[in-house]
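Written out below as structure tokens is the structure these notes cover.
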Amino acid sequence: MKSLKFFLIIFFLNSSFSSASENNLKIKITKNLRCLICQGQSIYDSDSNFANSVKVLVEKKLDEGLSEKKIYSYLKDKYGQWILYDPKFDKNTYFLWLLPVFFFLIGGAIIFKLFIIKRN
Amino acid sequence: MKNKILPIILTFVFIIIFFVFYKGLQNSNIYTPKVEFKKIIPSFEAKIFDSDDKISSNQIFNREKFYLLNIWASWCVPCREEHPYLMNLMKNKDIEIVGLNYKDDIKNAKLFLKELNNPYKIILSDDDGIIAIEWGAYGVPESFLIYDNKIIKKIIGPINNIRILELEELIK
Amino acid sequence: MASLIGYYSLIFGLCSSFFIIFVSIRNFRNLNNFDNKIINLTFLQFFFVIVSFLSLIISFVVSDFSNETVFNHSHTTKPLFYKISGTWGNHEGSLLLWLLVLTLFILLFLLTSKKQNKRYRILTLLFQQIIIIGFFIFVIKTSNPFNYIFPVPDEGLGLNPILQDPALAIHPPILYLGYVGSSIIFSSTLAATSLNYIDKEWAKHTKQWVLVSWIFLTLGILLGSIWAYYELGWGGFWFWDPVENVSLIPWLALTTLFHCILVLEKRLILTSWVIVLSISTFTLSMCGTFLVRSGILNSVHTFANDPERGVFILIFLFCLIFLSLLIFFFFHNTENKKISNFFWFSKETSILINNWFMMYFLTVVLVGTIYPIFLEVITSEKISVGPPFYNKLIVPILIPFLLVMAIGPKLKWIKSELQNKISLVLFLIISFLLSIFIIRNFNIGFLINTILVASAFFLFFITLRDFFVRNLKNFSQNLAHFGFSLFILSILFNNIFSTEIITNLKIGETHVTEKFKINFESINQKNEKNFKSIVGKFNIESIDGVVEILNPELRIYNQPNIVTSEADIKTNLLSDKFMTMNLVQNQEYFNIRYQIKPFMIWIWISVLMISFGGLISLLKKNEK
């Protein structure tokens, strides 16, 4: 058992895996954008004309010094919220983010009550 | 008492969900970015077709005239189909057609125009597709009706009989 | 001819429902033993569906284009295997598959439940018949696979070449055995609730059905992901696409249900919860079917979108929901909730807690999938919900989930003390240190990543050790949990350590980066039967001298007129090398994507382990 762990550690020491490549931010942004003419692909994944244009655009905007947020809002201005995969937490999406949390808390409450009852 | 509340709430919730889904079915699935209010046209700089000169948008669009910005490419099949309508529209003195050649090879584009004629007062080149994105377009062909530096109407897909009539109505 | 037989077979199948119902109700009411005529009739119904299904297959095989479905989805030049699998690769044909599984499972249920209470068996049959009749009507009225078209065309419209793939061909049958198979759990639960029959015996025998459904569903989802990875060309295997989510949601419900039934079997508690889950699983499957086939959602799946069909399924679905609500609240006796011993530190509690977590995961996926619909109906705003949403909500809870999963099985029923606390703490520390080492050494800055990897390692080591320490006792459970830890670890490492190089290259050019030299050596063009093939030869030399040769391919099809990119994937136990090549509009160069994806194959292997664990559990119980 211990030798197994040892082996694993050595293995990771020797491995030539590097961390994520250059253009981290560009990749992150394009993964978060929807390819509007594809069915369910991100700009990062797609090779369509539209996707390639957006990739060039993102690179240009990054070179111009725009932040990630600014790029998202630029594209949102042109195409609507639908192009962004990460739903912002605004008045439209309160329920989206909060509903699972709400159910989570309810579940917790039920279990908690179960214990309190049983304890007594 | 508690036993009665839960089923009632659940029934109520499910009825609501039912109606939402039902209504959802009626909605169209094709996403068209909304152009409800008249958006101001983007300001940009573009390369003129078949030359190295650049021109900026405020030099092209005059506030008193109607313009149709048409995004096209020689490799785009529906663009061929809509071209005759553009040739017809060119004859209308109230509107000028501005072409945006999208991700095209200049030789092929010239051949296309030679074969089908040139309705464009001026043609711009969009080699990497960025100008199209400025306009909020995502494919070819797409056209924008412009007046007073505002987008009056956006047409996605080729222009056909119905759309030409709509355009002509709006131009009057 | 085949179409005629197929169509009338469906009609006869529907008619046999009424005979089944008649004979069953009569048998229910009288005092006789179970009437074996019922089994014969059920078999007859199944037989009619098989005949119908075979007729459709035959129509596809002989390319009978007088059949509208065959015309729309087949082509004379398609290989035989894909002609056959084309049968269920479309909306109408896949509904026949639904009917097939529905009728088969109820038949198997009746055959394997001979020792059970007569009224229970009949009632299960009746509930299942409601579903079956609903589908018969749906098929015959709105999705007839045997429509005639005239004049008969010479050639079909051809199936998309992307869909001509072995994994995708068997993906629907396997998936449906799980997905649709949960119908039997639905029916038998409604029956048992009505008769107040929910007890340990019932739990034991229902568990088998849950396992069967679960194993197939797991494998079905796996096949879908494998197909996406190998075929779709961008190296991903899960996109949180609505159609994928729709298969994952019942899976989560089934997994939760399975664990609840384990508790019910031992301690007769959580009965309400078991009933709710059993009903919900199939309901969620139906809901998924609705979402995917009605056109209400936007996704990669190619089913025809038809609102009329959507309305039918919607109404049918809600009828089932209201029926279930009625039976649950009317019949379910919540009196036997007197639990004398329920201690905080016990196996039941750990299962309960992880149930809670899994239900949370389920709501995340469900809400994420359905919310855009609600928003659009109410406010006309259209939003996208993609991977960032799911990742943000799921990952934090995944951590305690893994930890509980590691410790839970070690606890005893009713009341437990943690034995070997020292070794557990030791493992925890080692896991934590190991992950810090890995993450810090490779410059990944996220705390959450570290903790997540540590939790996964913890589960990994605990279950691994249990293989040796506890021998064959609970082997199936250990295997499944171990597989899950491996699954999470593979995904994490794959995510963290994947690298990618994207560049444009002309033939003969070389792209040089810090770690690699990619040389575009040549291309080879060939004309195949229904496409033109362009294969690129790429020589990739890494900094430590290792050379790989990869040959991604471009296929230009003529029927239909599309271009697909076939990735070349070199797999080994440590990583996958993944390369695609794409044409760039109007240019002489190609766009090249080279990815190194560590531990890809372990993702598939771990899911197989999980299914295998389930299979062993199923076989073990059958032996007893």
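Labels for the chains are A, B and C, by order of writing; each one numbers its residues from 1.
In this text, a contact is a pair of C-beta atoms (placed from the backbone, for glycine too) under 8 Å apart; a residue touches a chain by one contact, two chains touch by 3 or more.
As the structure is a computational prediction, the values presented were derived from the model and not from experiment.
A.B. asks: Could you work out which chain's C-alpha centre is the most distant one from the centre of subunit A?
C.D. replies: Measuring from the centre of subunit A, the most distant chain centre belongs to B.
A.B. asks: Given the two chain pairs B-C and A-B, which is bridged by the higher number of C-beta pairs in contact?
C.D. replies: It is B-C, judged by the count of C-beta pairs in contact.
A.B. asks: Calculate how many whole Å lie between the centre of subunit A and the centre of subunit C, each centre taken as the average of the chain's C-alpha atoms.
C.D. replies: Centre separation, subunit A to subunit C: 23 Å.
A.B. asks: Using CA atom averages as chain centres, what separation in Å is found between subunit B and subunit C?
C.D. replies: Distance between chain centres: 40 Å.
A.B. asks: As a quick test, compute the distance in whole Å between the mean CA positions of subunit A and subunit B.
C.D. replies: So the centre of subunit A lies 30 Å away from the centre of subunit B.
A.B. asks: What are the residue numbers in subunit A that touch two or more other chains?
C.D. replies: Residues 49, 52, 80, 82 of subunit A each touch two or more of the other chains.
A.B. asks: Would you pick out the residues of subunit C that each touch at least 2 other chains?
C.D. replies: 298, 374, 382, 585 - these are the residues of subunit C that touch more than one other chain.
A.B. asks: Using the touch definition from the top, which residues of subunit B touch two or more other chains?
C.D. replies: 31, 103
A.B. asks: What part of subunit C is in contact with subunit A in the complex they form?
C.D. replies: Touching subunit A from subunit C are residues 234, 236, 239, 241-242, 298-300, 339, 342, 344, 352-353, 356, 359-360, 363-364, 367-368, 371, 374-375, 379, 381-389, 393, 397, 430, 434, 437-438, 441-444, 461, 464-465, 468, 496-501, 515, 542-544, 565, 582, 584-585, 591, 596, 598.
A.B. asks: Help me check something: in the complex, which residues belonging to subunit A touch subunit B?
C.D. replies: So the residues of subunit A in touch with subunit B come to 36-37, 49-50, 52-54, 56-57, 60, 75, 78-80, 82.
A.B. asks: Which residues of subunit C touch subunit B once you look at their complex with the stated criterion?
C.D. replies: 290, 294-296, 298, 305, 307, 310-311, 314, 318, 321-322, 325, 329, 373-374, 376-378, 382, 585-586
A.B. asks: In the complex formed with subunit A, which residues of subunit B make contact?
C.D. replies: These residues of subunit B touch subunit A: 31, 33-34, 103, 128-130, 132-136, 138-139.
A.B. asks: Across the complex, what residues on subunit B touch subunit C?
C.D. replies: Against subunit C, subunit B makes touches at 3, 6-7, 10-11, 14, 18, 20-27, 29, 31, 75, 103-105, 108.
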